[in-house]
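What follows are several structures.
Two complexes come next, and they have one chain in common, subunit A, joined by subunit B in the first and subunit C in the second.
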Partner chain A sequence: MAHFEKANSIGEWLDQRLAVETLKRVLQTEYWIPKNINFLWAMGMVLAATFGILLISGIFLLMYYQPNVNLAFDSVNYTIMSQVGYGWLWRHVHGVGASVVFLIIYIHMFTGIYYGSYKKGRELIWLSGMLLFVLFSAEAFSGYMLPWGQMSYWAGMVITNLFSGGSLHANGLVEWIRGDYVPGQAFLNRFFMLHVLLVPLAIIGVIVLHFGTLRIPHVNNQDGEEFDFAEAAELYKAGNVKESKVIPFSPVFLSKDVLVMGVYFLFFFYLVFYHFEFAMDPVNFDPANGLKTPTHIYPEWYFLWSYEVLRPFSTNIGLIAFATAQVIFFMLPFLDRSPNVAPASRRGAFQIWFWLMLLDILVLTFMGKLPPQGIWSTVGLVAALTFFALWIALPIITKFEKKL
Partner chain B sequence: MANNTKGRRDFMGMALGGFTALGGIGALYAMKRTWDPLPSVKAAGFTTIDLKDVQDNVLVTEKWRGKPIFVLKQSKEMVAKAQNEIGKNGKKSINRLIKIGDNYYMVAVGLCTHLGCIPGYNPEKEDFLCACHGGMYDATANVTKAPPPRGLDIPPFKIDGTKLVLGEAGPEYKKMLADGTTLAV
Partner chain C sequence: MKELKIFGIVAIFTLVLYWGVEPFAHSQMHKHVEGHGLVYDGTADIKETVKSKKAMKKAFWADVKKIASLKGNVKAGEATFAICAGCHMKGAVNMGGVTPPSLEHAGALYDKNFLIALIKDPAIGTNVDHKYPNGTMAHPMGSITTMVNKPQDIANVVAYLKAKKAGEVTPKEAFTEACGRCHANRYGHLTQLGDIPKTKSNIKTGQDIDALKYKQKVATEQAALANYLGKLPPDLSIIIRARSEHYLHTFIENPQSTLPGTAMPRTGLDKEGMEKVFAYLEKTGDPSKPLREETGPKVLLFFLIFTALAFLWKKSMWKGHH
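Right, the complex of A and B next:
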């Protein structure tokens, strides 16, 4: 057994048994972050904080929610909303949080794309981040089923039908996923399980992995500059704080994060208290009815772009387009053939590619909300084709990019 | 590791790995079966509908396995029109109708074959429109405009006088399956 001295403080007692001082040094005071960054680098911690808020509000909703097709709707819209003290607060925090978390995820993603933070040893950061995006999508979808309103039911119907694979006509697979011919009790129960246990568990695991992948390649900076972190850290520790290119994660960088989080939470709670209705689709305040489709079925805003990629095509092509759009962002580190790690503004044609992609995603998002008629159908089709054209163009334009 | 134990350790490793993999496959199968529809869900899959009182060109919606079932009795003109109509997928509309006595009926699962929304019927134009993605069907529920890949699926049926038993496959249904008029639901 290891030899233990008498400890003079609780901290020392813990340190002897858990090496908390080492942990603190490795994870905080000597985890180095570049100085040359801006507020966009705070989005990671903003996401972590939002996930925390979703977890806490979810725990309180879980205490009154009933995963039963006859009770679910009322347990949310009656019990939680008008009986449980402050039940409305948890629901609105949870609904707004689920929506806003995607806004921040998209900002986080496009920041990474703009500064080339997925290249040269940072591929795993990108891949684990994309995995988190997929898991958050699954979490959002499964959660959307739970109030068992009209949108829950019909979104569940339409999305599970995607697994029939169009002409493959794999009805068996769809019925297996549902546990019934149509979304019913078995369906609600299993999506409840996914939402409150399996998917959040996976999310927590991949968040840890995501942090881990950051460790060795280090955080990127505004110029994509490659420098010796060990040397910069020595400089900082020797007291040359000004000359050093790095700062410790905690407390220095974290204080900057907290400032950004402060601004973010002003916006967040403004939405929770004054504009929660944007995250509460009115159609979902009708109880689920398997014999009546709502006039327009559309997903929440954050899925609209990929929904619009599906919509203008015939079933099979649409499905292939949709499936491709879901995974194509995973391929970014491999489709970008340029060795340059630099902001898009210094990368010539890639700068145009970046803004076109962002614009195209925005156009697809707006079109996804409009009914598929007339001019909007055409605009949607053009935007969907542009989306794929941009991905085909990416390896070509980056191949010819001038080495910086 | 000493050389003389290597073969033995490899064997133990492979034996352990093999049995673990076997157990893992068994567990996966159990998990798959747990997600299957329950016997009670499958057993509740039969519904009888009576077509005696159905009016020409008036859409009736029944329920079978939780899904809406469209029943549309065809008028003389509609039958005549269906004789010559061919859907987007090359299938003849007339083959989709169920003949009972002298009457022709369209009976189909009222879920768009694209992604499962319920199409709406317009009795004046005698067609179905799915509001979700704009798919269209004629009065026999044959597809006339994409994205749906085929006409509305016809549920397994057995003719019993003026009644239809849904969920049971009669000879007329088997013929429709065999000639590709509908796919198995």
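Right, the complex of A and C next:
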């Protein structure tokens, strides 16, 4: 057993048993971050904060929500919204948070793509991040089932139907997933479990992994510059903070994160109080009714682009396209053949690729919500084909990219 | 400066994204129906009806206009109203599918022209004549056409309603009288039969027989409604969040324009009636609005101060770093 001496302070007592001083040094004061960054580098902490908000608001909602097909709708829309003190606030915070978290995820992702932060040792950062994206998608979808409104029910119907695999007619699989022929009590219960336990647990685990993957390759910077972190850290510790290329995570990097978070919270709570409708589809304020299909069924905005990759094609091709679109972003570090870690603006053809991809996703998103008629179907088809053309082009254009 | 430029790009993409999936998408998804400013002169009815009925409806609404110009006699109207009160009374029961509504505040809730049209011909006046191919007599209120049909009589009754049945009306009364016979509002504890009565369960058995009896009565009323209208009209507890205000407004004003063929009759609400009904729908469907509006500025102020302090902290931390 280790030898313990009488401690003179609580800090010392804890340090003897938990090595809190070492932890503080390793995780905060001597966790080095490049200085050459902009506010986009704060999106990670903004996401962590938003996840925290979702977790806390979710815990409050969980105390009153009833996972029962006869009670769920009213437990949300009546009990929580009018009978529980500030229940409406928790619900609007949770609803808006679920939508905004995807906006920040997309900004975070495209920042990574723009600055090439998935290359040369940073592949695992990208892969674990994409895994988080998939888990957040599962979390969002399972949560969307819970109020048991019309859109919950019909989105549940449409998405679980995808698992029939088109011509494979795997109806047994669909029924196994639903626990019934149509979404019902078993379906609601299992999505409730997924939403409040299994998926959040996995998310927390993968967030830890995501942080871990950052440690060795270090955070990228605005110029993709490679430098000796140990050397820069020594310079900083010696007091040459101006010359050093790094800053400690806490308190210097954190102070900027908190400032960005402040601005973000202003935006977030403006939405919560004055503009929450965008995150709460009106259709879902009609109770689930298996005999009445809504005129338009569409997913929340953050799934629209992949929904539109599915829609313009025939069933089988559409499903293959959809499945490919779900995983293709995982492949980014391996499809990008260029050795350059640099912002897209310095990478020639890749710069065009980046903006085309962003615009294409935007067009797909727009088309995903519109009824698939007339000109919209054509635009959707072209955008979906462009999406795949861009992915096919990526290894070719990056192969020929000049080394910087 | 560079950061501001980057922020600008992110903000523009976010706003374009929002525009595309919200205002633009919704403008493409839903048919836009123009309101008529709660003027009930049959314009939309004539325009939207089948060709064979156009001339008839034109003549009908011209007659309504003529009756509206007559001076009604309140006293004579009161005498004629006795005919109405035979059905529109306290404790009225379901007649031919629907329970006659209370007319206690009819003068305040409904438009004058609408009331004239309704008495003249209930099916055409409420614009559901397509539901009665065998004529208005099949309408639950159809027999009025044989009892009160002289222009002066109609003018008198409407004058009476406007003068004597137009007292102060609460939002709940407005909803109950104008919508509540067909639409329940469970968050407002209203069924098609009115307020849900307070009952007590038997302490020894735990069963509440009176509540069960009431449930049975409601179920019977709902079955009659569903048979008459083709389906049970939806509960309106949170309809204010399920449909846009514009949709509800134009739909209530003239249901056929939005949902051709619907069994929902025009209710003929005037400006005051519409406001009161909306006030009630908001109360049951969005009860947190007052507290939300009160809390919002406080929370934003908190984060404004938070951001200002964070700015000062960042400035002091980054001192000498550049």
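One rule holds in what follows: the second predicted complex is superposed on the first by the 404 of 404 C-alpha atoms of A that agree within 3 Å, B and C clash if a C-alpha of one lies under 4 Å from a C-alpha of the other, contacts with A are read in each partner's own complex, and residues count from 1 in each chain.
In the analysis below, a residue touches a chain if its C-beta (ideal position, glycine included) is under 8 Å from a C-beta of that chain, and two chains touch if they have at least 3 such contacts.
Note that the structure is a prediction, hence the values are computed from the model and not measured.
Novice: Here subunit A is shared; do subunit B and subunit C fit on it together or clash?
Specialist: In the superposition, subunit B and subunit C stay clear of each other.
Novice: Considering only the touch criterion stated at the top, classify A:His169 as touching first (subunit B), second (subunit C), both, or neither.
Specialist: Touch status of A:His169: first partner only.
Novice: Touch test for A:Gly184: subunit B only (first), subunit C only (second), both, or neither?
Specialist: After superposing on A, A:Gly184 lies in contact with subunit B but is clear of subunit C.
Novice: More residues of subunit A are touched by which partner: subunit B or subunit C?
Specialist: After superposition, C is the partner touching more of subunit A.
Novice: Considering only the touch criterion stated at the top, classify A:Trp154 as touching first (subunit B), second (subunit C), both, or neither.
Specialist: first
Novice: Considering only the touch criterion stated at the top, classify A:Phe334 as touching first (subunit B), second (subunit C), both, or neither.
Specialist: It touches nothing on subunit B or subunit C.
Novice: If you stack the two complexes on chain A, which partner ends up touching A:Val263: first (subunit B), second (subunit C), both, or neither?
Specialist: Only subunit C is touched by A:Val263; subunit B is not.
Novice: In the overlay, answer first, second, both or neither for which of subunit B and subunit C A:Asn316 touches.
Specialist: A:Asn316 sits against subunit B, while subunit C stays out of touch.
Novice: Tell me the contact category for A:Asn77 with respect to subunit B and subunit C: first, second, both or neither.
Specialist: second
Novice: Does subunit B (first) or subunit C (second) touch A:His296, or do both, or does neither?
Specialist: both
Novice: In whole Å, how close do subunit B and subunit C get at the C-alpha level once superposed?
Specialist: It is 11 Å, taken between the nearest C-alpha atoms.
Novice: Where on subunit A do the contacts with subunit B and the contacts with subunit C coincide?
Specialist: Shared contact residues on subunit A (touching subunit B in one complex, subunit C in the other): 295-296, 371.
Novice: Any idea which subunit A residues touch subunit B in the complex?
Specialist: So the residues of subunit A touching subunit B come out as 154, 157-158, 161-162, 166-167, 169, 171, 175-182, 184, 186, 190, 290-293, 295-297, 311, 313-316, 318, 371-373, 377.
Novice: Where on subunit C does subunit A make contact in their complex?
Specialist: 2-3, 6-7, 10, 13-14, 16-18, 20-22, 24-25, 28-29, 186-187, 234, 237-239, 241-244, 287-288, 291-293, 295-296, 299-300, 303-304, 306-308, 310-311, 313-314, 316-318, 320-322
Novice: Show which residues of subunit A lie in contact with subunit C when the two form their complex.
Specialist: Residue list for subunit A touching subunit C: 35, 38-40, 74, 77-78, 81-82, 86, 88-89, 92, 103, 107, 241-242, 247, 251-252, 255-256, 258-259, 261-263, 265-266, 269-270, 272-274, 278, 280, 282-283, 285-286, 295-296, 301, 304, 358, 362, 365-366, 369-371, 376.
Novice: Could you list, by residue number, the parts of subunit B that touch subunit A in their complex?
Specialist: Residue positions touching the partner: 32, 35-38, 41, 45, 61, 63, 65-68, 111, 113-118, 131-134, 146-149, 183-185.
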